[in-house]
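So the structure is just underneath, and the comments pick up after that.
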Amino acid sequence: MHIRFITTGGTIDKIYFDALSQFEVGESVVQHILTDGLVDLEYDVVSLFQKDSLEISDMDRKVLLDYIAADDATRYVITHGTDTMPETAAVLSDIDGKTIVLTGALTPARVRTTDAVFNVGMAVAAAQVAEPGVYIAMSGQVFEAGAVRKNRAENCFEATDRN
Amino acid sequence: MHIRFITTGGTIDKIYFDALSQFEVGESVVQHILTDGLVDLEYDVVSLFQKDSLEISDMDRKVLLDYIAADDATRYVITHGTDTMPETAAVLSDIDGKTIVLTGALTPARVRTTDAVFNVGMAVAAAQVAEPGVYIAMSGQVFEAGAVRKNRAENCFEATDRN
Amino acid sequence: MHIRFITTGGTIDKIYFDALSQFEVGESVVQHILTDGLVDLEYDVVSLFQKDSLEISDMDRKVLLDYIAADDATRYVITHGTDTMPETAAVLSDIDGKTIVLTGALTPARVRTTDAVFNVGMAVAAAQVAEPGVYIAMSGQVFEAGAVRKNRAENCFEATDRN
Amino acid sequence: MHIRFITTGGTIDKIYFDALSQFEVGESVVQHILTDGLVDLEYDVVSLFQKDSLEISDMDRKVLLDYIAADDATRYVITHGTDTMPETAAVLSDIDGKTIVLTGALTPARVRTTDAVFNVGMAVAAAQVAEPGVYIAMSGQVFEAGAVRKNRAENCFEATDRN
């Protein structure tokens, strides 16, 4: 069992910079989360982007799609900003025969009450257990790509068949 | 989608009591973990025991087995001490048609670098995604009941087909 | 021994709001810090402002000055944004016979690696031990008002007699 | 301004060891606390013991007393177990012309809701601001050596003139 982690930025990796009085995307926290999680699994971490998901372009999604399509791994966890996570998941749906789980956080991992650790835990389990396909692990749920949206007003992810 | 959490104690729930200069099993942390994890899922939490897993008896396992067998839920996450988690998982294997995931922690949830949050995240995903059966989510992996042991010397869980 | 805490906002109280993708000043964290610190002291907490210190006006400083001058307490800890903390301290220097310690944080208290808890601890001790006067407790030091500045480039407070 | 930190063990440094299902005194956390506290002060850290304070003997107190008496620093923060902190403080009272502050924690520093960071912050301020003498910084207060005890039942430190 091997999982390849791909980091692209997003709230999960945000750091507070006092000099700017604002948060910016920093180094990926995935390695720290896996270390604290006592993860005893073969894995590696590839950093592709370090962007807010609103800045992830269609070009970026093409880069990510091509990277995974040409890559030799079969199980992926992708950390990604939440605002366009469903779009990226939809683009990756063209890939066959791989289990790809996107996750991220609504609160930065460096904040005490973050959802990041829980979400990465969900993604790691889903990447091992789920059938090949593309999924989003957020809000305590594992959604299939194409059937999920972020509800910005309620600060959660939800299935698109909800009313 | 509904998940029933059953708490039984274990390291995950340990609190440090200065008056005794030692840790003891305290109130379950599961609710806090689900709140921080921004879990937006139907669930409830049942507290059955508050014990170190070395103190979980065969009688206790029978109580747990009977409880789940007679219960109406179909998806369970059980928090449990690590030392006898594989034994409890094996006992529960007699149950058909339900997805049951045991998890816990090697470091108490109240400690900063705990694996508890990651592990509960894994268990929540596995309880949704895995086929009916009994599983253990620890050490970054989802193991099937009956094929996993705790390696006390290396402080991890591993598949029993390892050498 | 009694200490009156006055909160005015600043980085120490910042919360991340995903809906805005930014941090904003939230509820004061002082009560949480004192609870975790197992503080067994008579105290109360007064919330005067909830502002970034760049937004604290001369009018606000006058309000704060008048409040303390007319108040019956003799020991104060004031949480304040860092950018204009030295200016506010200088204004309060007109007050005689009271021990007033300003503190805050360069990293929000809700971030895991915050300096907030350490700083409030310093301020509480200084408010008890120091002679009447106005002080700033930041960067591991207790500075006298009028002889301290924030070094934004190095992200620290320093005595103004340094070169 | 220079502060010398001397670490002697105690609850503040306790780590949970799953293999033993218990907490033991581990590496000192003082350096981590000073780093997170963004302390910009000249200091060094000397590790003398790594013991529960119930195991600190009169011989150990003599070693500590002789060490400080012969040492060239004038300001000290000593981290120490809580049970015999008052006894050690009393022994050190023989030293003239130095400011010595003992502190520790009722909850280990590695636990999320620890009082350790707050207490070390208090001690660092007191070591700078207080007159030469020996003090204990615990429970949100700065006590003079010889006039303080631990109230084990209420899990706090208190002045001995209380009833």
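Read from first to last, the chains carry the letters A, B, C and D; within each, the first residue is number 1.
The rule is simple: contacts are C-beta pairs under 8 Å (C-beta built on N, C-alpha and C of every residue); 3 or more make two chains touch, one makes a residue touch a chain.
On a predicted model such as this, the values are computed, not experimentally measured, just so you know.
Between subunit A and subunit C, the least number of touching-chain steps is 1. Centroids built from CA atoms put subunit B at 25 Å from subunit A. Per-chain CA centroids place subunit A at a distance of 43 Å from subunit D. Averaged C-alpha coordinates give centres for subunit B and subunit D that are 38 Å from one another. Residue positions of subunit D touching 2 or more other chains, listed in rising order: 106-107, 112-113, 155.
Pairwise, the chains that make contact are A-B, A-C, B-D, C-D. The touching residues of subunit C, counted against subunit A in their complex, run 11, 14, 16, 18-19, 21-23, 52, 54, 82-83, 106-108, 110-113, 152-153, 155. Remark: subunit B residues 1, 33-34, 36-41, 106-107, 113-115, 117-126, 128-130, 137, 139-142, 155-158 touch subunit A in the complex.
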